[in-house]
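First chain written, first letter: the chains are A, B, C and D, and each begins at residue 1.
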Amino acid sequence: MSNLDDLRDALRRFAAARDWDAYHTPKNLVMALSAEVGELTDLFQWLTPEQAAKAMEDPELAWNVRDELADVVHYLVRLADKLDVDLVEAAFAKIERNERRFPTGDRRPADLRPVE
Amino acid sequence: MSNLDDLRDALRRFAAARDWDAYHTPKNLVMALSAEVGELTDLFQWLTPEQAAKAMEDPELAWNVRDELADVVHYLVRLADKLDVDLVEAAFAKIERNERRFPTGDRRPADLRPVE
Amino acid sequence: MSNLDDLRDALRRFAAARDWDAYHTPKNLVMALSAEVGELTDLFQWLTPEQAAKAMEDPELAWNVRDELADVVHYLVRLADKLDVDLVEAAFAKIERNERRFPTGDRRPADLRPVE
Amino acid sequence: MSNLDDLRDALRRFAAARDWDAYHTPKNLVMALSAEVGELTDLFQWLTPEQAAKAMEDPELAWNVRDELADVVHYLVRLADKLDVDLVEAAFAKIERNERRFPTGDRRPADLRPVE
């Protein structure tokens, strides 16, 4: 993977060349990110967990998954740019907080509400 | 920003140390990504566009925005890892496709449905 | 508005006639609901608050908004049916809880994080 | 289930008593709906399909599911009220369109992208 800074800059140029910065407000970009995650969800909603795990073995589905993930990344990087947040730095800082919240030995995801 | 590969590896280690890989199936991770974008949306839903544009001037809100963005990045990177997708490569490839879909001069975002 | 019970029954018959019940598990229906809300979000994401308030004055946009709202209702009613939840009863019960959480005089929405 | 009109009126009174109508613009309500669906998703994300199907057998989880479904209904009804859309009428009209799109005999959900 190359650097996210290059991607951020390419997306800046893309938006600037089309006068789209007026649309790319933080509030709008949060909605756009949410809509794109909805399109990604649409690709997986009817698949069993087993089918979903093999999603990339189907060429058409794999293409669509890559395409929707790309849209998610675009709006996430644009949003972080507009908010002046370093995504990778924020993600590493959160891992440190999570190390304290979930000391090794904890066997369940953070938000799991188990059904027994 | 540092490399996304390092982040992916750190998230792998985090999950492995807690036996969370069984939960981190593609279908579950799509849902987790979606839920985290919901939490990010929650932070912006009642703000005017003007307030949202100044979100990072409020220290508490800024902290929460960074925290939720970090969660979004975590699940997005985990999902891409499980699907074996290079997010940055996919994002650059999509920019190329978008360059053809929206030649310079187009003045509106891709999905805009104008209201006149 | 007519009764939600009739709608629930019509959606049951629609799914049964197509053998779709196998797909309509609670987990899948939560994802489908989420994806449809994403499509609704897509219709509003680039609109200013003022344009969004006048969305129904544009015939094409109005048609799309009704269409997406209908999809949201479909999956919400199917989900509640599968979980055996009475949506209207649950909604009234929550109003009672919210009356206690937000006594009259409170001037802000529940989740507002103000930016000053 | 009682009538959605009564629920709409109760939600109108609740908002009016708290001066929340200024926040309840269509754009904001779409975001609030999306955030609440995110909270619902959070309840199901780590469950297997089998666990999710039995979600209502766990009293605490069942309570949370009802609570989140109620929030989804609240914002959906508020949004439809602000847009002057009759949700049940729109949902029945969409069933008619879907009867034509998916004649009986079709064995797969509308959006299924099969993995073979």
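FYI, a residue touches a chain if its C-beta (ideal position, glycine included) is under 8 Å from a C-beta of that chain, and two chains touch if they have at least 3 such contacts.
If you want to know which protein each chain is, UniProt gives these names: A, B, C, D = NTP pyrophosphatase (Non-canonical NTP hydrolase).
Quick caveat: nothing in here was measured; it's all calculated off a predicted structure.
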Q: Count the C-beta pairs in contact for A-B and for B-C, then report the pair with the higher count.
A: A-B
Q) Taking all residue numbers at the chain C to chain D contact, is the shared part over half or under half, that is, same or different? A) same
Q) Just how far, in Å, is the C-alpha centre of chain C from the one of chain B? A) 24
Q) What whole-Å value do you get for the distance between chain A and chain B if each is reduced to the mean of its CA atoms? A) 3
Q) Mind pulling the chain D residues that touch 2 or more other chains? A) 23, 27-28, 30-32, 34-35, 37-38, 41-42, 44-47, 49, 52, 55, 108-109, 111-112
(Q) Looking at the complex, which residues from chain B come into contact with chain D? (A) 23, 28, 31-32, 34-39, 41-42, 44-46
Q. What part of chain A is in contact with chain D in the complex they form?
A. 27, 30-31, 34, 42-43, 45-49, 51, 54-55, 57-58, 60-61, 64, 108-109, 111-116
Q: Provide the residue numbers of chain C that touch chain D in the complex, in ascending order.
A: 1-5, 7, 10-11, 14, 17-20, 23-28, 30-35, 37-38, 40-41, 44, 47, 49, 52-53, 55-56, 65-67, 69-74, 76-77, 79-80, 82-95, 98-99, 102, 104-109, 111-112
